[in-house]
Structure formats: structure tokens, C-alpha cells
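A, B, C and D are the chain letters, set down in written order, and residue numbers restart from 1 in every chain.
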Amino acid sequence: MSKPMVELVSVTKVYTANVIALEDVSLEVDTGEISFLIGMSGAGKTTLLKLICGVESPTAGYIGVGGRNINQLRPREIPGLRQDIGMAYQDFKLLPERSAAQNIAMSMEVAYKNTSTIKRRVKDLLERLKLEEKHDTPVSNLSRGEQQRVAIARAVANSPSLILADEPTGNLDPMTTEVVMDLLEQCNDAGATIILATHDEAIYRHTKHKVMKLHLGKFQNCNS
Amino acid sequence: MSKPMVELVSVTKVYTANVIALEDVSLEVDTGEISFLIGMSGAGKTTLLKLICGVESPTAGYIGVGGRNINQLRPREIPGLRQDIGMAYQDFKLLPERSAAQNIAMSMEVAYKNTSTIKRRVKDLLERLKLEEKHDTPVSNLSRGEQQRVAIARAVANSPSLILADEPTGNLDPMTTEVVMDLLEQCNDAGATIILATHDEAIYRHTKHKVMKLHLGKFQNCNS
Amino acid sequence: MKPLLIAVIQAGRNFRYTWGSQIMTLLTVSLSVLIFSFFFLIYTNVMKAGVNLGGDLRLAVYFEEEPLPEMITRLKKKITDFREVDKIIYVSKDEAYNRLSQHLGEDIDVLANINPMFLPPSLEVYPPKDLKNLSQIKLFSEYLTKLPGAIKVQYGQGWIKRFDYFTKLLRIIVILSGGLLILTATFMVAYTVRLTVVARQEELKILRLLGATNNYILMPFLLEGLFQGFCGSALGLLSLGILYSWVKDRFYSPSFFEFFEFSFFSHTIIGIILLASIALCIGGSVTSMRRFLKV
Amino acid sequence: MKPLLIAVIQAGRNFRYTWGSQIMTLLTVSLSVLIFSFFFLIYTNVMKAGVNLGGDLRLAVYFEEEPLPEMITRLKKKITDFREVDKIIYVSKDEAYNRLSQHLGEDIDVLANINPMFLPPSLEVYPPKDLKNLSQIKLFSEYLTKLPGAIKVQYGQGWIKRFDYFTKLLRIIVILSGGLLILTATFMVAYTVRLTVVARQEELKILRLLGATNNYILMPFLLEGLFQGFCGSALGLLSLGILYSWVKDRFYSPSFFEFFEFSFFSHTIIGIILLASIALCIGGSVTSMRRFLKV
């Protein structure tokens, strides 16, 4: 058995005294796996993903990504880790005045990728997500669903080995959802581990992949 | 038959030369009705709702709300119209540093409602949406689904006669979705007309209400 | 509920959320008022300083021979006809000698072997305080030289010339720096106010979308402008007052203030400065907000 | 691809998106440099002006009797022993009479009936240019009064005193306004730079989230700081140069500049100002960015 890509041991995250977002959560996601993270609004899904990519730090517990304790990294190692994790945020975190293409390119630019490689990759992603016409449109002029696709494209653009998608289809109709899921599956085929937080039953109901259910900050009857 | 609450006649909205969001759209929504607006991402749902509440102005065509042409209102009449339309934006448009309660109160404050009335109404809404614990939490510290509920609460708080809900359940799990739909239906019972743009098949699949489907800026086989 | 009360509540709430930038604006206004009033104070006092220096001016018209008394009266009339003067004193040869001997004091014996009549008689003309301009003095002196019997007019030409240039230089400096500073102050206040509005543009847009009237949006800004304009300029004037009394204490010597009679602003001017900065702050916010009111 | 090239591209792109605030920063830097160097220029020149005024100073020591030639030599030595002087000229009674008659010119006949010997002999002492302080002059004059046979020392006390106070006043004004202005300029630059960073804080946060290294984030800001510091101060100095030559042209009269020898900055000082403002701009952005680099 290969080393788990993501490993959480008794992780607790307390925001403020009365907001305990995660309580004693343990979890293991193997390399190359796709897992679904479900649970009610406010259950702690986003918090869990943020802990994994190191945007938030845990109140207690161990978080390992690729076998390394991400909370003991030296400051100069953090950029490398983040370049290797693609996170599609629930609130997108796009730059509204920049074009769709520029937003997607950002994740590759910070890794000092070649300009022509970036251009090709951006164009390819936009085509796959049916946004080819929005190449130069500022993100603020896109519909919400189009913005969501740009956010997903940016997350996968740099071919990270771990993709965290937070509610990637919340603003998408069933057809477009399928397009996005196809893209994520292709990334998975190319070797990426994927954790997908979602409310959309249609996505995970008949899946063969692992589904983890959070409830009030704790895991409930996970299937596997 | 009563006068239609919302009436669109041959409305066209062109953002830029090659982005025709709506093309020759006509529609009628009667007072007290609930209608669903569906369609692919980028079909023009948000644009249509924005036209109805006067945030965007049409390139061509007539838009009537409550029997008045909203594009010929005098500047001083616009605030009154907006106070009477509750719109839950797809991107929420909340003030992140303000508390959930303050965000909800805003829509009543601009109508110079009584302070105690506002307090009572806000508390009631937060309880109904299961957010009573988040009364004083800044919106930026809420989960995305919690923010969405705050946005909906703000839209209905001032008891408007027309409620426009743009994808109100995109970030909500099925259970919370039901809570929100119950609230909207109660508003409808109290006399409000509701137009609801959504991708969530679960909401509109078995409904008895009107479903309108937009495709590339035009209506397709509406049921009624 | 009354709109004004709501506006006060709103303004208070806004202050809680944006106190950082509000205090920044207040400080900017203070600094601008300080700078502006500092230069205004210097300017008004420098203008007065010229007058005081001119006050010590005395033109001595020397005559070849002692004129007859009626001639003196005529001469005096001629002078006052040409230009109003403070006073004219006739100094006869005797008086000139007396003065010199007084001046020499104990050293009176120097004059022992001197003919007391060697000193020329003169008319000493004290021009009015407002004659402080070098070219005017020259003109006057030229006129006096042409009086019948006059042989020479003396008034410390060299020093006065120098003084005149010095005063001119000081004025150039004060005016240029004043201009520069008023430019800067206006720029700063306008910029800061604009930034405050831009920082809240999200909030304003949302308020418009929710159906807020122009009044609802404007009132808190007006109150804020009032508050900031008042407190800012009060603070600025207060600092200037402290600076002023510090300088006065620090550099005070009776002889210093004999020449430069520095004084602080009158109550009227303080009032005008306060009102002007309140108007500026309010005007600034309202102008920068105008485009939001059209949405 | 080289990081520097990427930084240049990024800086260019940033400029396209934020040119408004960038030009604002540039103007702020220009204005601050203009203000600062304006006062620096005035300060250095005012300090020099005092010296030039002192250069015309002459102390006349009057004697009761004409001293013998060897006595004159001894007196001169005594004086130079006490303090270095530019030159000392002995004016005998004859010479004093000649001077007076020359001075009176055509009016020489006034002196006709005067004993040519009534004027006292004197030593005219021209102190060095650096003697410009009133108290030093007084000290010197007191020393001269005690010379054997001296009865009186004259040097236009009243005017010199006034001049001294005037210069003092000018210096107080220049120093105070300079201080005030440097405060303002620093405040403005710091504030503007901070605002530029705050305006882009969203972008910086996102870049950090995407895994941008410190270098990647800092480099464009360094380039921008370099550009703004350089262009801003160049523009400021240029405006000052234009202002300078305008004032020079406008108020030029040979006699004016006889007293005040204004001159512009040397190349070294221009270089230092340029470098300092570049350092300030870069330092400013880097400091305000530090907290984003920790995220």
C-alpha cells in the first residue's frame, strides 16, 4: 500500500470559543483517490479543506500532506506546497478586473511556467469548460457559473498532485456539472488525488468513490 | 384576472457587441405567483432578474413591475421601487465586516422601519434559517451556506411584494434547502410574488408552479 | 424614527467600522489646516513687519544756510503738500551741534576746537508708517532734494535698500511656500476624502440596491464631514497656537519683538478657518459621492 | 524564464490595472520632493545670505588725536591679534576731510568756513566675511573701544541689530516650515504607498494562496518603487528648477543678487535626493507589504 496523500489525526479547529468547526477529526485519503466530503451547511467542510492546504492552521492534531507535516514546514517551503495543491475555493477568490485567461494563468505563473505552455494550457482548459469565448472577458463580467468554472480551471491548471474542490458545481446546471466532473476525473486519471466537498446529491449518489459525511464537525458513518 | 406583477415585452439585453444576454424575451408573472427560471449557466437568468429590479437597463423592450414602466421612473421614485423588491443576489452582496443581523437589518433600515420592529424581524428570520447563533458574527466568518441564508433573509426581511431569488440554494444541502424553500413559500402565502432562478432540479422537478427555461437568451418550451 | 437620529446612529456605526481611515482624514485635515494657517499667520505678520520697520524711517534734508522762519513754514507746507507726513522737525545749526555733543557725551572735548557752526541745519521728515516701499522713499527723497536751498537728503540709503530686498525675498519665500502648501493641503484633503468614499463604495452600492434614498446615504457623510472638518481644523489651530507660544517663549527678547510685532489670529479669522474647513470636508465628500447617487 | 523578466512583465501589467493610483503616488512623491528640496534650497541659501550681508560690515574706531605711525602699526597688530580681519585702513584727519568734501561734491562750499581739522582720525576695520553674528560684532566693538586713545566705535548698530533679528526670524520661519513640510511629505508618501498596497491586498492574498514566493511578490513592487521614486523625484526637481529660474528671471535685478547670491543644487545633492527618494519608495512598499509576506 502506498503512503496516504492526505492524513489527518485527531484534528480540532476552534475559531472562537463557541465555534468549534472541527472536533477530533481523523481521515486518510490515498494517492490517486477521489473522495467526496458531504455534510450540512456549516458542518466544517470548507474548514477541513482549508486545513489541508494550509490556509488555516489546526488548533490541535496532525495534518500530513504527501507524508509531510504541513504545520511544521519552514516559511520558504510553503509556496512549493501550495503550488502542488490546487484549491477551487467556494467563494472563487478570483481577481474581478482580470480576464478569465489571466486568472487561470496565475496559478502557473507563480510556478514560473513557460509563457507558451501557459497560453496553451489556458486555452485548452477554457475550451473544455465551454468558455472559449470568454478568454479575454474580465471575470466581473462573467455569470456566476462561468466564474465558478474559471475557479476550477485555475485549480487544475498547474497539474497539482492534490486537488481540493469546494462545492465546485453549486452554480452549475446538470449539463455543465457533468463537464466539470469529466475534467476532474481526467485529472484524477492523470494521477491527481481529489477531495470534493459538495451538496449535490446527483454527483455522489451513485459513485463508487469514498464518501465522507461531516456533521457538526465530526465524521458520521463514512462509507468507503 | 389581476394585473401582472411583472411584465416583459420583447426585451433585449446586449452587454457588448458579441454578448447578447437576452434576445426578444417576453414574459408575464401574475401577482402572488411563484415561477422558476431555469437554464444553463450563462443562459441569462441573472440578467433577467437584474432587469426586473432595475439594476441593469434593457437595450430594447418594455419592462413593467406592478404596472409601471420601471425604465421611465424619475430618479426619486427608484428607491421606493427597490424597497418593494427583495432580491437575493447570486453573489450575495453582503458587507463582510458587518454582523449577520446588521446585514439583514439594512434592507429595513433604508425604509426607515422602527428599530424594535427591525430587531424582532431579524431575530425571527435568523431563527427560522437556523442561524440564531450567528446573530453577531461578521458575515466574513460565516460558511458560504450561512452567508447565502443571510442574503435570502435580507431579501425577504422588508416583506417586499416581489422577491427575486437568484440561485438561493446553490450552497445549501438538501435539508437546509427545504428550510429556505419553506420560508419563501410562507412569503408567497403572505402575498409576495416570487421569481426563483435555479439549477437545482430537486426544487422544481415536481412543482405545480410555472417553470420557464432560458436557453442562450431565449425562452424554450415553457410549461405553465 | 427621525431621519436625523438614524443618520447619527449610522455615522456612529460607520465610525466604528472605519475609524482607522477616519482618524487619518482627521489628521490630514489638521495637518492641512496647521500648514495653511501657519503660512497665513506668517504672511500677515511679515506684511506688518515691513510697516514697523518703515516706522523708524527719517529723512534728513540738509540746507546750505539756515532758512528764515517763514521760509521753514513754507518748506514744511511744500512737503506736506507733496505727501502726508507724521511730523517735521527743524534742526538748526545750534541744535545740530548740541545733538552731536550730547551724542559724544564725555568725549565733548573732541569738539573743543571746532567751530560750532560747521554743522549744516536740516529738516527732519518722519514719513507715515505706510511708506515702506523703497521706490516710494526714493521718489520722496528726490522731491525733497529739489526743495529750495536743500543740498542733500540722507536716510541710510544702503541699509534701507538692503532691507527692502530682504523683505522682498521673505515675501517671495512666504508666497511661494504658501502656494505650494495650499496646493499640497488641498490635494491631500481631496485625495483622502476620495479614498474614504472609494473604501466604502461597496457599501454605498449595496445601499443603493436596497433602495436607500439620497438623503439616507448623504446624511451620515455630511455629519462626518462636519465632525472631521471641525475637529480637524480645531486640532490644527490648537497645534499652531502651541507652536506659536513655544516660539514666542523660546525666542522672546524685548528687542526682538520691538521690530516684529507678532500676533495670533483674531477670533473672526479663527471662525472663518473653522467654517471653511468644515465646508471643504463636506463639499469634498459630497462631490466624490455624487456618482454613487446616480446608480 | 528569468524571474526578473517576469517581474518586469508583472510590473507592466500592474501599471495597466492600477495606473490611477500609481500616477497619484508618483505625483505625491514629486510634490514631496518639490516641497522638500524647495525648503532645502532656501535654507542653504538663507544661511549663505547672512554671510554676504556681514561682508559689508565696517567698524570705524575714532581717535582723539592722530596717533603716531608706529602707534598705528601697534594698534593694527593689537587688533589682528584679537581677531583676524580682512583689512584695516587708517583715515587721518586730512583724509576724513577729503572724503567728506568728495562726498559733498559740488556742495563743497558748505565746508568753506570749517576748520578742516575738526574731523577725528579713525581706523576702519573690515572684519572677515564669517563675522555675521550680532553678539560677536558687539564683542569685537567692545574690544576696539578699549584700544588706547580710542574714543568711539561706530558700525551702524541699529541697522545691524535689525538685520540680525530679521535673519533670525527668517531662519525660524524656514526651519519651522521645513520641519512641518518634511513631516507632511513623509506622511503623504507613507500613506499613499500604504494605500496602494492595501488596494492590492486582495491580489497579494490570492497570489500567496496560489503559492507565490516572496520574490515573485516583492520584485514587481521593488521595480515600481524604483520607477516611482526616480520619476517622482526627477519631476519634483525639474519643477523646482523651473520655479527657480522663473523667480530668478522675474525678480532679477543686479542689486538684488548683490546681496542674495542664490544658487541651485549641485549635481551631488541632486543625486542624493534622487537616491533618497528611490530608497524611500522602495522601503515604503516593502515595509507595508511585510505582513502579506507572512500569510
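We take it that a contact is a pair of C-beta atoms (placed from the backbone, for glycine too) under 8 Å apart; a residue touches a chain by one contact, two chains touch by 3 or more.
None of the values given here were measured: they were computed from a predicted structure.
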Once the contact rule is applied, which chains count as partners of both chain A and chain B?
none
Find the chain most remote from chain D, comparing centres computed as mean CA coordinates.
B
Just give me the whole-number Å value for how far the CA centre of chain A lies from that of chain D.
63
Counting only Cα atoms for the centres, state how far chain A is from chain C in Å.
68
Residues of chain D that touch two or more other chains sit at none
Can the chain contact pattern be summarised as a line, a ring, a star, a complete graph, or none of these (other)?
ring
Pull out all the chain pairs that touch, please.
A-B, A-D, B-C, C-D
Taking the complex as given, what residues does chain D use to touch chain C?
24, 27, 31, 34-35, 38-39, 42, 49, 53, 56, 64, 104, 107, 109-111, 113-115, 117-118, 120, 151-152, 156, 158-159, 161-163, 165-166, 168-170, 172-174, 176-177, 180-181, 183-184, 187-188, 191-192, 195, 243, 247, 251, 255-256, 259-260
Would you mind writing out the residues of chain B in touch with chain C in their complex?
55, 75-76, 78-85, 87, 93-95, 97-98, 106-107, 109-112, 114-115, 154
Touching chain B in the complex, chain C uses residues 1, 3, 6, 17, 202-203, 205-214, 216, 294
Chain B partner contacts - residues on chain A that touch it in the complex:
15, 18-19, 38-42, 46, 90-91, 133, 137, 141, 143-146, 148-149, 167, 170-176, 199, 201-202
